[in-house]
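You will see two complexes here that share chain A, one where it goes with chain B and one where it goes with chain C.
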Partner chain A sequence: MLGSGILQGLLVTAKNFVGSFHDPARYTTLEYPEVKPALPEAYRNFPFLVCDNATDPLGTLRCVACQICEKECPPQCIYIEKSRDKKPDATGKPQIYPAVFAIDTSVCMSCQICVEVCPFDAIKMDQVFEVATTDRYAALLLDRGQLTKPNTYFHTIHPTEAAEVDARLAADRQAAEEKARVAALAKAKAPAAPQAPAAPVAKRDQTPESAP
Partner chain B sequence: MNATPLANPSSGAHVRSVPGDLPGDLMEVSMGPHHPSTHGVFRMIVTLDGETIVRLKPVFGYLHRNHEKLAENTSYLGSMPYTDRLDYLNSMTNNWAYARAVEQLAGIAVPERAEYVRVILAELTRLLNHTCLAGFLMQDCGCSGTPLMYAFREREKILDLFESLSGSRMMCNYQRFGGCRVDPSAAWLAAAQQLVDGYGPFLDEFEALLTGNEILLARTQGVGRLSAALAINAGVTGPMLRATGVNYDLRKVDGYGVYPRFQFRIPLGEHGDVYDRYMIRILEMRESLAILRQALAGLPAGPIMNPAAKLRGFRPKAGEAYGRIEGPKGEIGFHLVSDGGPNPWRYHVRAPSFINLTILEDLCLGHTVADAVIILGSIDIVLGEVDR
Partner chain C sequence: MIAAALTTDSFLERLPVLARDTVTGRLPESWRWMAGSLLEIIAILAGFGLLFAYLTLAERKILGRIQNRPGPNRTGWFGLLQPFADGVKALTKEDVVPAGADRVLHFLAPVVLVAVSLLGFAVLPFGRHLVAVELDTAVLYFFAAGTATELAVFMAGWASHNKYSLLAAMRALAQLISYELPLLLSVVPVVLVAGTLSTTKIVAAQGGWSLGFVPHWHVFTPWGAAGFVLFMVAALAESNRSPFDLPEAESELIAGHLTEYSGFKYALFFMAEYFGMCALSGMAVTLFLGGWGAPLAQLEWIPSYAWFTAKLLVLLLGFIWIRATLPRLRLDQLMKFAWKFLVPLTLLNLANAAGWSLTAGWTGPLQLVRWAVALALVAVPFVVLGRTLSAGSAPRTYRFA
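The block that comes next holds the complex of A and B.
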């Protein structure tokens, strides 16, 4: 019968219309911004720099300014200047740190290749998506201070990944300490130098508290 | 129809009297580049005799982003997120085609689990693309809103799956050379299974809404007929080609990945008109569901990445490779030529949207402007891929 297809279709729209009042599967709109979306753990937006100690963010950056992310970034949105002096890193080893670290978020395409190539777990993806601003140049160019966030924050947004990273870093630190101790013992044994065993202890004292 | 051509066809809309025995004037109308029916910034210079199209000149390039030259100046890995932005509905299949090209170039093996995950994601992408296409096609037919919103409601569920796996809804950047970036968790696989179980009923509902609708039949049947000969000569692939009755699907022809392990059929059309192209997509979605059920049931345990694959400092030896897969829009392929350096020496994309679009004039001749809109809609283009 001519028109039966249309009637059948109207039945579907009627079912959806009525269903939208009581069936959650048919009423899928979220009242943003009053209701915030639940972001999946894997969600990524822009990168941030991880620091180990929230009270001294710039002093405990994991970044050692190796510039791998700057080189690998496909749209070239990262700019790094190495420091001239060295500061002890998480394992106590004196390291170069980024004197300038800037990300132009108007260029960044959130691909997270910087995160994948970073050998130091220093750069991770943030989940802040409400980044609208009235200034299109300076406000979108984030500097070192704006980019740095503590490891505790990393744990709140990507708990699984953060736990893995912490475990790996702790293992690395332990291995480094073990190596230093073995080296020191060997050194102490051979030419009988009494001041050698003090070195790893002093290093451990400088190690910042690993967060949570 | 045998009127003399306009003096300067690209100068915009104008009217010129036709000498000879024709009763009317030819009018040239520029549709687009900013027009809701052109699916992006695409321009059709249409010459009309009354309401009948006598000539149609597609103009593209408005969204050109220098994709191929960018890739030749970026590392192999750095091009991966750019492929997301070709056909931004199908980033997973674009990633896969590019990863396949690089894997062939460098001879990297892919673990079995990764091959299964790739099939799962490619078929989810096919569902997503065809659902969107059906919705947009109805929008072009004048059925404003309802089918498109139902389609988008379901698409959103697939995008949620992509987001929880890869971190991004559309720009997934998920495949890597030698595997995939993240191993899907058991919870993710359960969610995918739930989506697959719920998709059949949605397709039933969608078809009840549309397939038998008399207005849709009147608008689409017999419109924009494509002959199999023209489709083959023009290099048309994908659902466009299969709607003409040509049995050509790379999943069967090449049997890449783990596709030969799955039971599925290739739906074929008969008339090659807009209605066949719509139906092919609905039927392909049902076959995709069958593949998804088998792939989710047979997903093996094991590594997701080839441990020998390098992320950084990747320099394949000199040579060339062409990796292709059956994308939702047709054959998507990447041709890479390496000179042993960190960047491809030549990088070329075989974009199905672009090649399928070349027959637009042949399909539209003799039809009305309103038909040209749905013919363009049924070709299924994404301008990001056409213009690159």
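The block that comes next holds the complex of A and C.
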């Protein structure tokens, strides 16, 4: 009958009106500055650098300034300068570190490629979206200090990925220790049983590098 | 209008009149009439101005809730100061007049529109003793004054020197004139049955209860119910409200005749729209819903103006609800609806009301016959006309949606 559609429509809007007062599934608005949204775990926007120790962020950077991310970044918004000296990293091994590491977030397109290519799990995607500034040049160019955040923070924003990374790093470290132990054992045994004439030469070349 | 009944009424009922008399009582005799009228004008302006302000807020809040969002809630407690913030904003905005515009007409259009849409309030009986001007031909005056809004809308469209404004103004003229007819024709039955053009007498004719609890409001008769619905549909169109907001169809015509208006002039147009809506709703209350009458005799201790306000608010909320629900019509649908559907139905309704008043003396089983015939005269044409007009167009199947 003519008008039944109108009545149905009125019913729909009335249901919405009443529902918005008691049904959170209908009323989805978050009053933003007071109520922060619960971001999905996979949400990402700009990269940050992971450090292992929150008390000494710049001293425990995982980044070794290999510059792979700099080369791979599609819009070329990462700028890295290698250090001239070496500093011990989190495991105590001396490593080159980035003397300058800057990301221009006005150019970054949040593609996550830097994260994918980093062999050291040193760069990860952040979830900070309140990045508005009054200065669109300098304030959007983030330097090493601004980019560095502790691993614990990584755990809070991407728990699954962080746990996976931690497990992998621990496994790698263990494997490395195991290898070192085996190598040390082999070295200890080597003088006792010098059967392979070529091996000691190769070993002698390697040891100075890996020993200290 | 005051003298006789005043002594028997409750204090609250008399309060507005007493307040007026205390103020005018201090003035010399010859000035009292003037001062009283001025006070009434001020009261209407303040009352409906405030109603307008909070109606905009209510509309935005209700629309928000219907669309599952909170609506304005930042200015003041629950957004209660929002209308004033909007007012300040409208006042401080730059007033842009297009170079090609007719400056005088461009300025005059909103002023005339507001002035004209306020005229109708003069004859609305807001309460038992509350009517600014008691005219014998109040209904006629009300609609005659209301028609002038069309002129103002066309002024705005013409003076803006803008194609969208002009198109909108032409649409507005076509729409307003087409819907003037069903609007007036749906009022005629009331005048016919009540036998008077005076709003106060029409309200008085709806006083009393049958069986002790059914008020004698016109809306509770078959022709009255049909007339009320027809009147409200035409009123929607007359006040340019959705789904009949073709003149300012923002998706087609930017803002229609408002395109070239900014700042406070724009706010004036808005105000006029709401005043028109309030006035027409007030008229609907007066004509069909028993005016300031209480629905039950036991509830008469609540002052009459409170009842009028309550009924008015219910109708206004209905306007908002409809706006939130229905999409806009197309121009040809709009015209078809007015001329092929509303006008025949209002004419039939007039005949129905005539039959109703002729058979007023019928009693007993004849009363049942009277009701059955009247109901059939409402329902059958509605169904038949609806079927024939929507044949072939509804229900639609959407193949690519």
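As a convention for this text, the second predicted complex is superposed on the first by the 180 of 212 C-alpha atoms of A that agree within 3 Å, B and C clash if a C-alpha of one lies under 4 Å from a C-alpha of the other, contacts with A are read in each partner's own complex, and residues count from 1 in each chain.
Quick note on the criterion: a residue touches a chain if its C-beta (ideal position, glycine included) is under 8 Å from a C-beta of that chain, and two chains touch if they have at least 3 such contacts.
Just so it is clear, the model here is predicted, and its values are computed rather than measured.
Once the two complexes are laid over each other on the shared chain, residue contacts for A:Phe120 go to neither chain B nor chain C. Counting the residues of chain A touched by each of chain B and chain C gives the higher count for B. Contact with neither chain B nor chain C is seen for A:Tyr79 once the two complexes are overlaid on the shared chain.
In the superposition on chain A, A:Arg44 contacts chain B only, with no contact to chain C. Of the two partner chains, chain B is the only one touched by A:Ile68; chain C is not.
Looking at the shared chain after the overlay, A:Gln112 reaches chain B, while chain C stays out of its contact range. Contacts of A:Ala14 after superposition on the shared chain: chain C is touched, whereas chain B is not.
When the shared chain is aligned, chain B and chain C each come close enough to touch A:Thr28.
Once chain A of one complex is fitted onto chain A of the other, the partner contacts of A:Ile6 extend to both chain B and chain C. Residue overlap on chain A between the chain B contacts of one complex and the chain C contacts of the other covers 2-3, 5-6, 9, 12-13, 16, 26, 28. Those residues of chain A whose C-beta lies close enough to touch chain C in the complex are 1-3, 5-6, 9-10, 12-14, 16-17, 19-21, 26-29, 31. Within the complex, the chain C residues that touch chain A are 62, 65-70, 73, 321-322, 324-326, 382-383, 385-387, 389-390, 394-395.
Within the complex formed with chain B, the residues of chain A that make contact are 2-6, 8-9, 11-13, 16, 26, 28, 40-44, 68, 72-74, 109-113, 116-117, 125. For chain B in complex with chain A, the touching residues are 74-75, 77-82, 84-85, 146, 150, 153, 156, 160, 163-168, 171, 173, 181-182, 205, 208-217, 311-312.
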